[in-house]
Structures are given as structure tokens and as C-alpha cells.
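In what follows, chain A forms one complex with chain B and a second complex with chain C.
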Partner chain A sequence: MWINMGPQHPMTHGLWNLRVKIDGEVILDCDPEMGYLHRGIEKISEDRHYNEVVTLMDRTCYVAGFAWEHLYILASEDALHIVPPERAEYIRVMCEEFQRIGSHLMWYAAFVQDLGLMTPFLYGMRDRDIVLDLFQSYSGARMTYEYMRVGGVRNDMPPGFSAHARRALDWLSDRFVEYDRLCLGSEIFRKRCDGLGVLKASDCVATGVTGPMLRSAGMRRDVRRDRPYSVYPQLDFEVAVADGADVTGRYLVRMEEMRQSIRIIRQILDWLDHHPGPVLADRLPRWLGAPYAPVGKEDYVLKRNYPKGVGLSSIEEPHGEAQAYVVNEGSEHPYRVKFRSPVFANISAARHYLIGYRVADIPPIMGSVDVCVGEVDR
Partner chain B sequence: MSDPVTATEKSSDNPILWVAKPMVTAARQFAKSLVRPSTVIYPYERLEDPKFRDQVRIESGKPIGVGPIWDNYRGVHALNIATCISCNLCAFSCPDLCIEMVTVPGGDPKHPKKCPQIDYGKCSYCGFCSDACPEGCLTMTTRYELSVTKRSEMVYSPQKMFGIYEQKLPMHPIRVERPANEDQILLEPPLCIGCNACARDCPTQCITMLDIPKPEAKAGEKVPKRIWKEPVVNDSDCVRCGTCINVCPKECLFWGNRK
Partner chain C sequence: MQSEDLAKALAPVLGDRILGVEPFAKTAGRLRFRADAALDVFRAVKEDLGFHHLSMVGGIDWVSHREVFYVAWSDRLGQYLLLSTDLPADAPHIESATPVWPSANWHERETWELVDITFDHHPDLRHLLLPDGYVFHPLLRSFKLHEPEELEVKKRSV
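Let's look at the complex of A and B:
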């Protein structure tokens, strides 16, 4: 019998449909259907200035907006041959790592709620609010930041930010102990999650699964380490891996990643304290929209002389490896924008980690994948 | 190379402890929350209320958890009509096309003063408009309550935004440093007819029409019929809004760099 779990279902965390073929309680086959949240972001991007696309990137993945902004900005700077100041790069990486903590806390809250635990859900959401407060203190918004620009970032940190951020990090690192006590210390949690949704490393590679799912299978793959971008080569951190390849393994990897993110952010805050400077590159082409002046018909004289190019970037997004491709044909709009979403690959491989388990196991398994439908459908 | 992560917390063999251990953690948090709640009882308590801020700052054990709302929150706009120069840059920079320039009283009848009118049904609060404003008259405030009963009330007229300005809400202390703009308005002299349109419509009045000598008629050639004047742009006053380029009937003005 085929049953539809979705498009409106507490398990899906967004709009998508998981069709499952069952015999009694056992899953025989499954078929994920995406596309309910398609907004045409890649096509709209072709009609916007380079900087205006950033407003769409926050809405691509609404729990990891900074990671997607960084991804797009890296690709367009590659295409436009613009080098940002070093301080801007450090700030961007700090945003991305804070976003990783925020996204993983959001995942933690949603995942434990799938298991029926309400208390850790409240703790996760409460602590994510601290990260959002920090975002609001310098970008001016809690979810739709619109903070990064081609050639830098919008503004520098407000005074006193470093002290606030350090206190927030201290607070957060104490909370992780509490999370582990609540989840790993509970035999009910362990019995529910151990050995569930096993996806072996070979299957991960065959299906293009990346991120914490791949690392929980024991493979030490992380774009930040393998193909370092931005200022990651200067930073000291470990790639978190686990052995189980199951739901508990993904939990452990994400928790360890948050600890590593805190370690990275502490290094960046130290660097930012001692290296003041500009955060936006000067001598940007006017028609980029960087100084927000209108682009008129007369700009073709300047644009004609500007070098064309193709930009490619890949970053370690909280969910996995994301890639962006931007084509600069010498106009104020990107000619083509294309994204690779990690979650799309992760839930497309559902057949490999769902078949053989029971219907009641679907919420914990799909919860451990960390689905964000906004970036799947774009 | 770090070792694979393993579970540090081990559960006990005693089934009663399976439930009791997490419950102890939750009970500790519950006891804390009685003294320092993490919640804000909106609308009775508000984060932007200075009294509540002080209270929270003192009592909250959290670093910033329910701390003060920061003053650079991007909320509803405030507009100072008096300093607005009608340069249109906010409307140009809006990605959602929600800004319309409407006439406000105060300009001379021939060239009415135009100020932005914002449709909050479309606005995405990206802040590009307030970043673009050269005079700092369009800013974003910490005001976030927008519920209305009619869709037409979502459109805020310049006068309504001036009302918000007069409330003197905290206003976005972080001003974006605009990169040095080296582009200038340049003129292609043979095309110019000296019509004065650019100088007339310039919002900062940085264009002056200077007399140029009328050339002598050569044999077999006609002197073109035109006004013998040419625009000269004062670069230090120019806000690069592009109005002059758009109104030029002969398309003789363009962006360029003399260096």
C-alpha cells in the first residue's frame, strides 16, 4: 500500500511529500517528491542587480541565510574579479559559523520534537534566540539579514559586539552538556535512535550525500578542510566524524560541529579585535549597484570594458556541500545563477536509508537528515 | 586528526534512571525559569521599552537572551520631508519596486517636490533604500507593529512616515560607508543643445549652465541652431542620482571618469 506522508505532515518540516510503500509496518519502497515550494529564485536572480540577489539568498534557506549569502557572494566575486578586504572575509566566516550553530540548534529542536520530546525543543529554540539576537545586533534583522555585499559586507560590528559574542559563546557551550544529558543520557532516546537509518559511506558517495550525514558514516569530508575557501586555512578546527552512520551518529556529529564552530568564532573574534580596517572594497564598478545608484542606458560604455567571467564556489553549508555558479556577461545582472542544494541530494537518497525500517521510524530518520525545503526547491 | 565522536553520556541499567536523569536536568531548568523567565509577555512587556530593558539587563542571567532589542533593527521607515531632495535614489534601489515617488506640498508648481511612498505589502525590509539615501532623510526605525485591517492602509504616505520621524524613535545608528564613487557625469559637447533640462531638474542644483562661444560660420557650413550654453557639474555636490541623464532629450550626458 502506498501512503503519502506530506505535503502537510509534521514529519516533513516544510512542503514536500514522501510516498511510502508499506506492508503492515515495514517500509518496502519510498519515493520523495519535491517541488511544492519552488519560487524560481534562480530565474528571478537573472533580473536583479548583483547585490539585490542577496535578498533572495536569505529566503533560499531560511535557517541558514548567512551560509547562502556567503556562497552566492563568493561566486559572484569570482565572476566579477573583485577582491574583498580581509576583515570582511573574517566577518563573513564568523557569520557563517554562527549560522551553523543557529541552524544546528534549529535542527536539534525540530528533531527532538519529531521524537515527541517537548522539553529539549524549548531549550533549542531558546538558545537559538541568542544567536539571532547577535545577528540582529549587526545586520538589523533576525532571519533575513541582507548583510553581505559584493566586495565586502554592509557595515562593521557595533561597539561592544565582541564582548557580547563571547558571553553568548560561553553560555552556549554550557548548554551542550545539558543537551547531551537530556538526549544521550536517556535510554529511551538511545533505543529510539541507535542503529536507525543506516547509510553506509559507499552509499553516501554513490548518491551524492554530503554534510553531517556523510561524516556520521566515518568519512572525513569537509569542504572547509578539503578545498578551503575564504579564510578557513588560517583557522584551527577539527572535522567532526562519527562511526555509527545512524541517527545517533548524525546527532553526535552536529553537536561536535557546534563545539568546533564556537572554537572557530573565538579565533575570529580575537583576530577582529586586533585588525580594524575597511569592510567594503573601494573602486567597485558603479553599475554593480554597490553605491545603489541607478543603472541607465548610458552605462553600456563602462560595462563593455568590464571583464566577463564565470564564478564557481562551494562551501560547507550546515546541511552539506552547497555550490553556486554565476555567469557574468558584462551586464549589471548575473546572466545565469545556479545552485547545488545539499538537502536535495540528501533526501533524494531516502530509498537507501528508509527501506526495511518501520513507519514509526520515519520521523526520527527524516528528522536526522535536517530537511530545509526552501533550498531544495529554491 | 581527531577521533570519531562517541557518546559521552551513558545511560544507566536501572530503568527508573532512564526517565529520572533527564527529568533532573529539566527540573533544574524549570526552577531557574521561575526566577528568570526566558519569555517576554508581549504586549504587556516590550523589548524596546527602556524600563523593561533595564529590568531585563539586571535580572536576566542570560548574556543577551531576552536582552534589549538593538537599535539598528530594520523596521518601518521614517522620512524627514524637510531634507528630502527628491533624488529618486530610494525608488531606484528598491528590489521589490514598492517605493513610488509622490508629490508633496512644498515644491514650486512647475517642479513639484516628490517624496517616497512605501507599500509595506511589498516591502522586504532589506534596507537598500535607507542605505542609498544621500541625505540620510529616509531611515529605518525599530518600530515593527504593522497590523492593519485594510490592505490600502499598508501604503504609507510621506506624511505618515514623517509622523514616525517626529516620534524620534531609535534610528539605525549604523550608517553604511559608501565607497568612494569615482564616476562622474560627463558631457558629449557636440550633441548638447543647451536646453537647461538637466540643470532645471537636478535635485541638488549642482549643475550650472555656462555660456560657450558661438563658432564662426565657415563657408558651405551652417551654424547649428541651439542655445550656446553647456552644463557644468559640481562633482562635490553631485549625489549621482542620474536624474540629469534621464531627462536629457539628446542623450548627451553619460557616466564616465575623466581620470
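Let's look at the complex of A and C:
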């Protein structure tokens, strides 16, 4: 019998539909149905100025906006041959790492709530708010930041930010004992997570699964280390791995990643304290953020000497390996923007980690995938 | 590995099935191949150079022709590789990469519905992001977001 879990279902976290074929309680087959949140972000981007696309990036993955902004900016800077100041790069990486903590805490809260644990949910949301407060202090927004620009970032940190951030990090780094005690110490949690949703490393590679799911299978693959971008070569951190390849393994990887992010941010704050400077490149072309000129009416604008180029960027987003491919054919708008969403690939492998388990196992397994429908559907 | 080394490594296996390897920033290069030899090229790249992980498949509408591109990662080389080929604008089709890289499945479904490139022998070529029966391909240049005239009218009425 085929049943629909979604588009409105407590398991889905966003609009999507998991069709499962069951025999009694056992899952025989499944077919994820996506597209309920397709907004055509790649198409809309063709109609925007380069800096205007950043607005869409916040909406691509609404729990990891900074990571997607960084991804797009890296690719379009390559396509436009613009080099940002070093301080801007450090700030961007700090944003990305804070975003990783925020995204993983959001995952933690939603995931444990699926399992019926209400207390850790509240703790996760409480601590995520601290990260959002920091975002608000320099970008003005808690969710859709519109903070990064081609050639740098919009503004520098406010006075006293470094001290606030350090205090937040001290608070966060003491919380993991509590999280682990509530989850790993809980008999119910272990019984619902151990040995579920197993996806071996070889299957992960074949099906394109990346991120915490791949690392929980014992494979040490992280774009930040394998193909360091931005200022990651200057930073010291470990790649989190686990060996269960199951739901508990993914929990362990995400917890360790948050600890590593705290370590990275501390190094960045030290650097930022001692290296003041500009955060936006000099003499940026004005058309990067010029007033909206409708497609087909470009003759309004003076013909300029536009550069041409192609950019491919790849980053380790909180959910896995994300990529952007930006084609600049010499105009104010990108000719084509293509994104690779890690969750897109992770969900496409659903058959490999769901079949054979039971219906009651679906919430923990799909919860451990950390689905963000915004970036799957784009 | 530089793009010249890549071309040298692949030349004995693939011969004239590759049209050239161009340098591409921060990757091993951009491999241009003949569309009718797609599967041979994918297999050679995967087996001989270790590009086991396919990151994405995408298509570009250049109006005069379509381009389909693949990004693959090799743990052995520690590099990305771009593969791309040109297809004719009317009825563009290419062999599906799923026998070599199973992860191409959803990427090809997406490329098919958005850029109108058919992947032959794909196991499951149905709509993914768009509703079933949707006949338009939004990422084609001929699919306009809005007509300039409409905007003009709106501006006057404000």
C-alpha cells in the first residue's frame, strides 16, 4: 500500500511529500516528491543584478542563509574578476561558521522534537537565539541577512562585537555536555536512533550523499579541508567523523562540527581584532547594484565595458557540499546561475536508507538527514 | 593535476572522443567531449582518474545550441573536473550518466524539465520540481519572466 507522508506531516519540516510503500509496518519502497516550494530562483537570478541575487540566496536555504550567500558570492566574484579585501573574507567565514552552529542547533531542536523529547527542543532553540542575536547585531536581520556583497560585505562589525561573540561562544561551548546527556544518555533516544538509516560510505559516494551523512559513515571528506576556499587554509580545525553510518552517527558528527566551528570562530575573532581595514573592495563597478533595469530595456543604460567569465564555487554548507556555477556573458545580469543543493542529493538517495525499516523509523531517519526544502526546490 | 596533464592522461584512452581540455579556475580543467561518446568519457574519467563523486549536472541554453555540463570530484586527485558538451538546439538529447554515476538521476530529471535536454535510457525521467504535465521549460531563454511592455504600463500607472 502506498501512503503519503506529506506535504503536511509532522515529519517533513517543510513542504514535501514522502510517498512510502508499506507492507504492515515495513517500508518496501519510497518516492520523495519535491517541488512544492519551487520558486524558480535560478530563473529569477537571470533577471537581477549581481548584488540583488544575494537577496534570493537568503531564501534558498532559510536556516543557512549566510552559507548560501557566501557560496554565490564566491562564484560571482570569480565570474566578475573581483577580489575582496582579506578582512571581508574573514568576516564571511565567521558568518558561515556561526551559521553552521545556528543551522545545526535548529536541526537538533527539530530532530529531538520528532522523537518526542521536548526539553532539548527548548534548549536548542534558546541557544540558537544567541547566534541570531549576534547576526542581528551586525546585519540587522535574524534570518534574511542580505549582508554579503560582490567585493566584500556590507558593513563592518559594530563596536564591542568581539566581546559579545566571545561570551556567546563560551556559553555555547558549555552546552554540549547538556545536549549529550539529554540525548545520548536517554534510553529512548538510543533505542530510536542506534543502527537506523544505515548508509555505507560506498553507497554515499555512488548516490552523491555528502556532508554529515557521509562523514558519519567514516569518510573524512569535507570541502573546507579537501579543497580549501576563502581563508580556510589559515584556520586550524578537525573534520568531524563517526563510524556508525546511522542516525546516532549523524548526531555525533553534527555535535562535533559545532565544537569545531566554535574553535574556528575564536581564531577568526583573534584575527579580526588585530587587522582593521576595509571590508569592501575599492572602485567596484556601480552596475553591480544599479537600479533595476528590466530585461529587454537595457538600452536605458549606457553601454559599458562588461567583463566576461565563469565561476564555479564549492563550499561545505551545514548540510553538505553545495556548489554554484555562475556564467557571466558580459551584462549586468548573470546569464545562468546553477546551484547544487546538498539536501537535494541526500534526499534523492532516500531509497537506500529507508527501505527495510519500519514506518515509525521514518521520523528519526528523515530527521537525521536535516531536510531544508528551500534549497532542494530552489 | 593541470589541464594539460589531464589531456595527456586521457588521450590514449579516449582519442578523438574528447575535443580538448581547457583550463578552468580552481578545478582540474574543463573537458569538452563529443556528445555521442558520453558514456565512454564518463567511464574513463571515473575508472582511470578516480572521479567517483558526481556533484551536479546542469544545462545552459545558449539559444543557438544547448550546453550540458557535469561537475565531478576525485578523491585521488583532490580536484573537481568540469565536463561539458554542446547539443543542437532542436531536440537536444544525450545518453544518461546514471549507469556510471547513479547520483545523476535527480540532477538529470531536473535538467530535463528546466532546460529541455532529454537523457536517453534514463531509468525514471519524470517531473521533479514542476507539476506533472507542465509543458514549459522555464530555464530556456525563450521563457520570459515578464514582457517589458507590461512593466512599462505598470510604471505609468504608479
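To be clear about the criterion, the second predicted complex is superposed on the first by the 361 of 378 C-alpha atoms of A that agree within 3 Å, B and C clash if a C-alpha of one lies under 4 Å from a C-alpha of the other, contacts with A are read in each partner's own complex, and residues count from 1 in each chain.
Please note the rule applied: contacts are C-beta pairs under 8 Å (C-beta built on N, C-alpha and C of every residue); 3 or more make two chains touch, one makes a residue touch a chain.
This is a predicted model, so every value here is computed, not measured.
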Classify the contacts of A:Ser137 with the two partner chains as first (chain B alone), second (chain C alone), both, or neither.
first
Let me test your reading of the model: by the given contact rule, A:Phe344 touches which partner, first (chain B), second (chain C), both or neither?
second
Once the structures are superposed on A, label A:Gly311 by its partner contacts, choosing first (chain B), second (chain C), both or neither.
second
Check the residue A:Arg181 against both partner chains and state whether it touches chain B (first), chain C (second), both, or neither.
first
If you stack the two complexes on chain A, which partner ends up touching A:Cys95: first (chain B), second (chain C), both, or neither?
neither
Quick one: is A:Ala242 in contact with chain B, with chain C, with both, or with neither? Answer first, second, both or neither.
first
Looking at chain A, does chain C or chain B touch more of its residues?
B
Following superposition on chain A, which residues of chain A contact chain B and also contact chain C?
294, 296-297
In the complex with chain C, residue positions of chain A that touch it:
34-35, 38, 40, 42-44, 46-47, 78, 205-208, 210, 221, 226-227, 229, 294-297, 310-314, 321, 323, 325, 327, 335-336, 338, 340, 344-345, 348-349, 377-378
Quick check on the complex: what are the chain A residues that touch chain B?
48-49, 51-52, 55, 119, 123, 126, 129-130, 133-134, 136-138, 140-141, 144, 146, 151, 154-156, 158, 164, 167-168, 170-171, 178, 180-188, 190, 218, 220, 238-243, 248, 252-253, 255-256, 278-284, 286-287, 289-294, 296-299, 301-302
Taking the complex as given, what residues does chain C use to touch chain A?
24-27, 52-56, 58, 60-61, 69, 71, 75, 78-80, 82, 101-103, 105-107, 114, 127-131, 138-139, 143-148, 151
In the complex, go through chain B and note every residue touching chain A.
1-2, 4-12, 15, 18-19, 21-22, 25-26, 29, 38, 62-67, 69-70, 72-74, 88-89, 92-93, 95, 124-128, 131-132, 140, 172-183, 240-242, 245-246, 251, 253-256
